[in-house]
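By letter and in written order, the chains are A, B and C; residue numbering begins at 1 in each of them.
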């Protein structure tokens, strides 16, 4: 399958510690990749490098767009986002002072560059509100659309964060621990959202600690350990690999 | 300028002026920098403390103590004590309630203090400029220019204070405790360091420095309402140039501001004040931590 | 509820109320209220940056003072008409905001505040020393007032001010205004959803400076004189005070704050020559008793939401 995101030999050091130590991976179209590994394996740093938040010391990240492949390493965060890399965060990263629907509206306005239409009211853009409604219904927050984000529960904020990432119909979606800190019920909801995104053929790179979730939603699984890729393959083979137990438990 | 034969006496007199002025500025700015470095509070009322110090000197010098030398020494000590007390009361009574609030609240509260102090000073001392009748210790002659010995005394006080602060924060247990409390307030509190008292003492010490500065300025620059508003904004320039929280930075910053103002006033008066702010803006743009700032000081 | 309390609907009754002032009050109070209106517009301008974009400027006096000075220089020194001088003032203020905004926005928080302070003091230093153009510490006198009488010029102030307020409100309600608030709440997330945060901030800085500059440009003909005090840092602090006094999370809060500030001054001056003391005490009290400002407090009392 055609690759959408290509990470080539990325290295990132903090002082003398290698957070990411020569990682290469590709995310093909319509594929969900699960990224696992113990704490400190370098998973979040890798996502930060891909989304432009952290600059790698070496290596490159490329994205397939219409008419070719562009290198996105070193580009500003907002440019990488506009090229189609969307990101949801481990700790919900939303606009606290805005209502739920305004959180979605602002993301749509940014992605469609509607901020230039200053003669219109931001809440009377019908095309924006139709999109916003669809996205909020998908994550199940439409009933709460007028609630201020700061008044939501942790799980709801997590859902809102993912919803914000979805507005642009991303070329590739990076999810950082989508189920961390959630109840079993909320985890189920996240899993079904991921399933529906898979149906829409959106390529995803998911960092996740809950291995049940990872092995059930991923087409491929990559296990990282101490900044390097340890095991890579389909869920069953990775699950069976002894090196994975070693990485987690040192056995 | 180039055509004029350099008059050494004139240069010496202007250098003495600049050194005196720099010393006064250092004494105010070091207190401001100390308070910001330890407590992360930008105290706009610091200039008002400086002003009150000048008035305390005026009263002690003219009313309470006879004799110029004794009067000046008594005035400096009195100003330091009075302002330490005022600083302590302000910290305990007002500031400690706003540490957790956004910075504009702290700025506004200390701005409110300026208004209160400015008018209180007018109520007590009236609105006219208060000049001391004489400058103690006389003066000496360089060429055809007279340089007050008092300038030398002021410079000496500034150097002693700078050295004392440096010793205090690098060589004593209390100083180390204060710096630790500033860097890791939660850990310090957990280890039983009483940050509450350290903050109060730091603020009192900073205020005392401003008071001493005002007291030392009064014999030359007189005392008048509103003298603090210019002093505070120059102090901001100094601590930004030198690096917020750095004593050495305040020292160098004060020299830069003192000398550039004194000599710009002669060479090109149009830029006398502007130059200070040009330097301030340039430093902020190029190296926001200032010349001697240790680390990025982003608040909370 | 929120929209009714704080929205554009309130511009009309407030406008109507203020339009009556010159009919029932003499020149003294007309001048006073006009000053309050202009302080209010200046504070609304400040608040575009502060309340809506999350950046504390400690140098907004530079836009107010520059607007005031350019109109004074245009009418007195260049013998231009008021409208030409006014437009010239807006141009100069925009240019100033572009340069100072571009440079100040390299930083946020306290360094941003310090940079705006440095730039405004720089402008102050220029006004204080450039005698041939600015009249140095004496400033500029005899600035002609359009329409002559205070009571007539009052309506120029009122109409231009409310047109400015209306347009500012429209802008803050536009998608761009939502971008401002997004950057205020979470600049990092704003960047990740695709805003160029620095550009959004710069646009906000331009709007903010321009609105405050418009108020200043109307101010010097009202007083018929201007001096460097209008550029001094204490006036920047006063603008911050007005915004907080009225309430920075409500559109009209800073406007009401400006009006109330002028009346606090006037009443305190009538009571005692030590009016700064009274102002300082009120300011201190507001911080502790009404942290969300007068209008913010009323909105909360009425059960409305801010913004």
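In the analysis below, a contact is a pair of C-beta atoms (placed from the backbone, for glycine too) under 8 Å apart; a residue touches a chain by one contact, two chains touch by 3 or more.
None of these values were measured; they are calculated from a predicted model.
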{"item": "Centroid-based (C-alpha) most distant chain relative to subunit C", "value": "A"}
{"item": "Identity of the most central chain, Cα criterion", "value": "C"}
{"item": "Centre-of-Cα separation between subunit B and subunit A, whole angstrom", "value": "52"}
{"item": "Between subunit B and subunit C, centroid-to-centroid distance (C-alpha), Å", "value": "32"}
{"item": "Whole-Å separation of chain centres (CA-atom averages), subunit A against subunit C", "value": "42"}
{"item": "Sequence positions of subunit C contacting 2 or more other chains", "value": "none"}
{"item": "In the complex, subunit A residues that touch subunit C", "value": "51, 53, 76-78, 81-82, 87, 93-98, 102, 105-107, 109-111, 114-123, 125, 148, 164, 167-168"}
{"item": "Partner subunit B, residues of subunit C touching it in the complex", "value": "50, 56, 58, 103, 106-107, 109-111, 113-115, 117-119, 121-122, 124-126, 128-130, 232-234, 237, 240-241, 244, 273-277, 279-281, 283-284, 287-288, 291"}
{"item": "Residues on subunit B engaged by subunit C in the complex (per definition of touch)", "value": "42, 44, 94, 97-98, 101, 103-105, 107-109, 111-116, 118-120, 122-123, 229, 233, 236-237, 240, 269-274, 276-278, 280-281, 284-285, 288, 297-299"}
{"item": "Subunit A partner contacts - residues on subunit C that touch it in the complex", "value": "170-171, 173-179, 181-182, 184-186, 188-197, 200, 305, 307"}
